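Two complexes are shown next, each including chain A; its partner changes from chain B in the first to chain C in the second.
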Partner chain A sequence: MAGVKLEGVAKHFKGAVAVAEFNLDIKDGEFLVLVGPSGCGKSTTLRMVAGLEEPTYGRIMIGNKDVTKLEPKDRDIAMVFQDYALYPHMNVYHNLAFGLKLRKMPKNEIEERVKMAAEILSISHLLERYPRQLSGGQRQRVALGRAIVRNPQVFLMDEPLSNLDAKLRVQMRAELVKLQRRLKTTTIYVTHDQTEAMTMGDRIVVMKDGYIQQVGTPEEIYHEPANLFVADFVGSPSMNFLEGELCTEEGCIWFKAQGIRVNLRNSLNLEELNENKVVLGIRPEDIYLHRPSPEKVCEELLCQTELIEDLGSEKIVFLKIEGQELQARLRDGAAPVTVGGNTPAYLNLNKVHLFRKSTGKKILFRGR
Partner chain B sequence: MRKYWPLSFFILPGLLMYVIFFVFPAISALGLSLTDWNGITPERNFVGLANYKEMLTNDPIFAQTFGNNIKYMLFVVFFQTLFSLIFAMMLVKNSRMNVFYRALFFLPTIIASISVAFIWIFVYDPSIGSLNTFLTKLKLDFLIQSWLGDKNIAIYSIAVVQCWAHIGQVMVIFIAGLQSIPKSLYEVARIEGATPWQTFRHVTWPLLAPSATIVVAYTTLQSFKAFDLILAMTDGGPSYATEILSLFLYHQAFNNYKFGYASATAVIFMLIVASITLLQFRILRANKVSY
Partner chain C sequence: MSLPAPEPQKSAQPVPSRKWPEFLRHIPLVLYSLIIITPLSLVFFATFKDLSQLYTNPLGLPRSWDLANYTRLFQNENMVVYFKNSMIVTFTSVFFILFFGSMISYAIIRMPKWTGAILFSFITLGMMIPTQVNMIPTYVFFAKLDLLNKHLGLIIVTVATLLPICVFILTGFMKTLPKGLIEAAMIDGASHWKIYTRLVLPLSGPALATAAIFCFVIAWNDLLYPLLFIKSAELKTLPLALLQFQGEYLTDYPMIFSGVVVASIPMVIIYTFLQKYFIAGMTAGSMKG
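Presenting the complex of A and B:
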């Protein structure tokens, strides 16, 4: 087992920057998820670790070995592809054994390893079948099996679940995490699905346009987004944003937008900020539609209820205030609201995020 | 189905052409093959299977012709498939340069075979031909041949021309086949440590099997039915060294006026071609790849 280290790794394609300077230290046994919209450079980064793309700059280390110039086969990695990449003319057994045969492993050891991997993934009964005779989920398992049999230092997974249907994806998600915990193999996992990232990763790297936006645990990413992009990308429904200005009145910091005034009741040095155009962000679950308990410091806003989406265990309420839209998430049992009426909405001020409008960067409150 | 029957009139023109120009001649050839018709006089006598018996047991030229066919076919199928595959693998990426080269290699396919024949007659000319001149320049005089005049090599000289003319066409089939193989399969092979030869042997070739079967089937038929190129280059000579079945039946009918005998050859020829086709369809069906 080994960790992976990327030092100033960049990839340029014909002058276009796919990945700008990427620095990251992935710990031994860690499950790291690279997440971001398509074209953000996450797959390119993974492919550079695999050795399928050569970095334009930088250095990649696996364990203590500099692998930047090594061929993929010499890096001791295994990769799982989105389309599974199973050989259609080989049955499951031979698909699993192919890499081992190329490495001239003795036949009985190959057999043993294939059997073990098949058992771990419960595909022992499928060994004689061809990929075309398997369901999507089974193919996915075979693709994982091919990675496992090699017993590599690092697993690289490029959107391995995105070809599965929603239900199977959720199931495989959990299985993959359990498998990784069991094998303790360092894993780099690429996905565009923030739910996958949040549920699977020990740490998440959020990327956009080739740049790392934030690195952190799922909790940090969700509760302390470093910028507007991360705040918007992570969470479903995503964070509410109100554009406005900051000003000081009566010794307090206020957020003001057209017809909206929020007393932030917090200390910020506006001069230090030297910018008063901001975006206020708040997650849907931090907006309440009934008066919360007094220990929660809230600001009350009068909104119109436009639509309610009932998801069973929770309701998403679409609100409108002075032309700006907000979504509130009500847990089961929360007071029912009616569509079309006015309702007070309470913003939990401890959960409010402020971002600079110009750069999107988070503004830190003092004392938080 | 009943309400669609008026639509069947639409296939009538095509069907009529097919019946007049294919079914009818084929059946009448079968009838003619049992006669001694000379093609000119109205007189024809029923001779039973005498033509077939003569051809299969007592005609050394037919036997030689058939042998030529096999030689020609094997040479063309092997080399045309091999080189078109090599070129396809070199030109599989859709770069601008590759598209240009593909067009260049395809060019001979669209030249009329008579023109191809005349180009190569010049190339092969023993005294002024560019091939021998080239060999002399390279001081390889010992390789100089009478390319179309030597009965031991003439058939292969023509087979080379056949390959040259059709490699581009076959290459396109291979390129399509290669491009349909998912890139990720090659990447897996690379990660698992396959050498280029192992990648070809275990990934490319098995997945190319459907294209290869089409190519081999097509080339076999194409080379078996070759006619115009040989007619224009050697007309079957020297001393029947390049005479193949199609040419043999042509000569029997239009030079020797043995229409009955020629028809019997045509029937045998048709049977051979039909059985090759049938066999290849079977193989093709067995070689399907589904991802």
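Presenting the complex of A and C:
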């Protein structure tokens, strides 16, 4: 078992920057998720840890060992690929045993380890089969099995669930997390699916265009997004954004947009900010359509309802205010609204986020 | 050669009209196979006839399936020796062609893109140089190395001339192997040698079979280099021996034909064994495994 440390790691492909600068200290036994849109450099980062790509700059440590220049086979890692990459001419047993045989492990020990891994993943009955005779989910398990029999220092997984259908994906997600808790092996997991990231990671790294946007626990990422990108990327439906300006009136900070005035009831140093164009963000579940209990500090806005999506356990209400759109998520009972009518919407001011319009960076309130 | 010939419909039932195009499509195939099969069977039948019978009845079936020509062939001539020589030269050559060719191809696909491309074009350039061009230099060169009139010399030159085709076929195939497989093996701890022997070679079966058949046929039938290199009768290969028959049995066609038939047996056997892979190799890359 060991942690992984990336120090100023960068990867350039013929001048194009795939990963700009990656600094991260991954703790021993941690489940770390790299998440971001397509092409942001997640796979490249993972492949550099695996040793399949050589970093242009920087240093990679596994445990206390500098592995930057080492071959993949000398790094004591295992990787699960998106397309599983099972050896098609070997049956499941030999797929699992291949890595152990190469390490010259005695035969009976190999057998023991393969049997144990197969049991953990409940694929014991498939050991004689060839990859082409397996379903997608079974192949996925074999790919995982090939990683765990080796008992490596680090698991690397590149979108291992993305080829599965939705239901199986949810099931495997939970199983993977349980497996990782049980084995306590440091894991770096790549996905472009924010739900996967939120549900699986001990910590999440959000990336965009080769840069780390934010590192944090799922709660931090969700409730304290560091910038507009993270706020928008995480959460489904995603956060609502209103564009406007900040100004001071009657000793309070106000957010103003055309036809919208929100008293933020919070203190900010506007001079320090030296720009007043901002984006106000609020998550759909922090907008209420009926008057909340008085201890919640809210601002009331009058909106038109445009559409209601009923998802069974919750309803998504699409609202419009002065040409800007908002979505509210209602969890309890029937929505007290009808489509096409006007309704008051209450924004929970404790859950409001402000971002600079120019850079997208979060603006911190004094009080929090 | 069991191409099912479309039988003319004898019954009065009308043929569904959309069946016709398919039937028509078979016509060129049938004609083509007739063009191939007819002379082959004439040659084959002729080996059971004596000379007078061949002249009086060149096209018909032989009067009896008499093996006299074959017996004579093996008794009067060193047929067994020639056969053995051909076997030695061809099998050794094909073995080394595949051995070196697969290693070169593996190296090409694992090299950085540009180096691989340069090496690949350098080697396959060899396919474009006609034999006649370097016949004399090769002869002089091999004479200096004292490799003339030796099987070893013949094997070396065969390997050298056929290696480019082999590399061409194998590299094309190996490039289509999923890169993830090789990466998975690297992470599993495999060295280049293990990746080559345990992963790339077993998965390249179809391409290896294709290259093997190609090279086998060319090497087995090769007349030019044996003619150039081999002097001693006991070292001659089959095609060279058959050439000499032509002088010896100037008009004894049944004897010459018998030699030809004997010479082609191994090719038929090899092809039958490998054809399953051969077809797969020819269409490799057109489908994902």
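Details
Convention: the second predicted complex is superposed on the first by the 365 of 368 C-alpha atoms of A that agree within 3 Å, B and C clash if a C-alpha of one lies under 4 Å from a C-alpha of the other, contacts with A are read in each partner's own complex, and residues count from 1 in each chain.
What we mean here is this: a residue touches a chain if its C-beta (ideal position, glycine included) is under 8 Å from a C-beta of that chain, and two chains touch if they have at least 3 such contacts.
A quick note: this is a predicted structure, and the numbers were derived from the prediction, not measured.
Taken together in the superposed arrangement on chain A, chain B and chain C clash. Look at A:I316: by the touch rule set out above, it reaches neither chain B nor chain C.
Contacts of A:L273 after superposition: neither chain B nor chain C is touched.
In the superposition on chain A, no contact is made by A:V177 with either chain B or chain C.
Once the two complexes are overlaid on the shared chain, A:M116 sits clear of chain B and of chain C alike.
In the superposed pair of complexes, A:H89 makes contact with chain B and with chain C alike. For the contact definition in use here, the residues of chain A common to its chain B contact set and its chain C contact set are 50-52, 71-73, 77-79, 81, 83, 85, 87-89, 98-99, 102-103, 132, 146, 150. Listed in rising order, the residues of chain C touching chain A in the complex are 178, 180-181, 183-191, 194, 198-199, 202-203, 289.
Residue ranges of chain B in contact with chain A, taken from their complex: 182, 184-185, 187-188, 190-194, 198, 202-203, 206-207, 209, 289-291.
Across the complex, chain A meets chain C through its residues 50-52, 71-73, 77-79, 81, 83, 85-89, 98-99, 102-103, 132, 146, 150. Residues 50-52, 71-73, 77-79, 81-83, 85, 87-89, 98-99, 102-103, 131-132, 146, 150 of chain A are the ones touching chain B in the complex.
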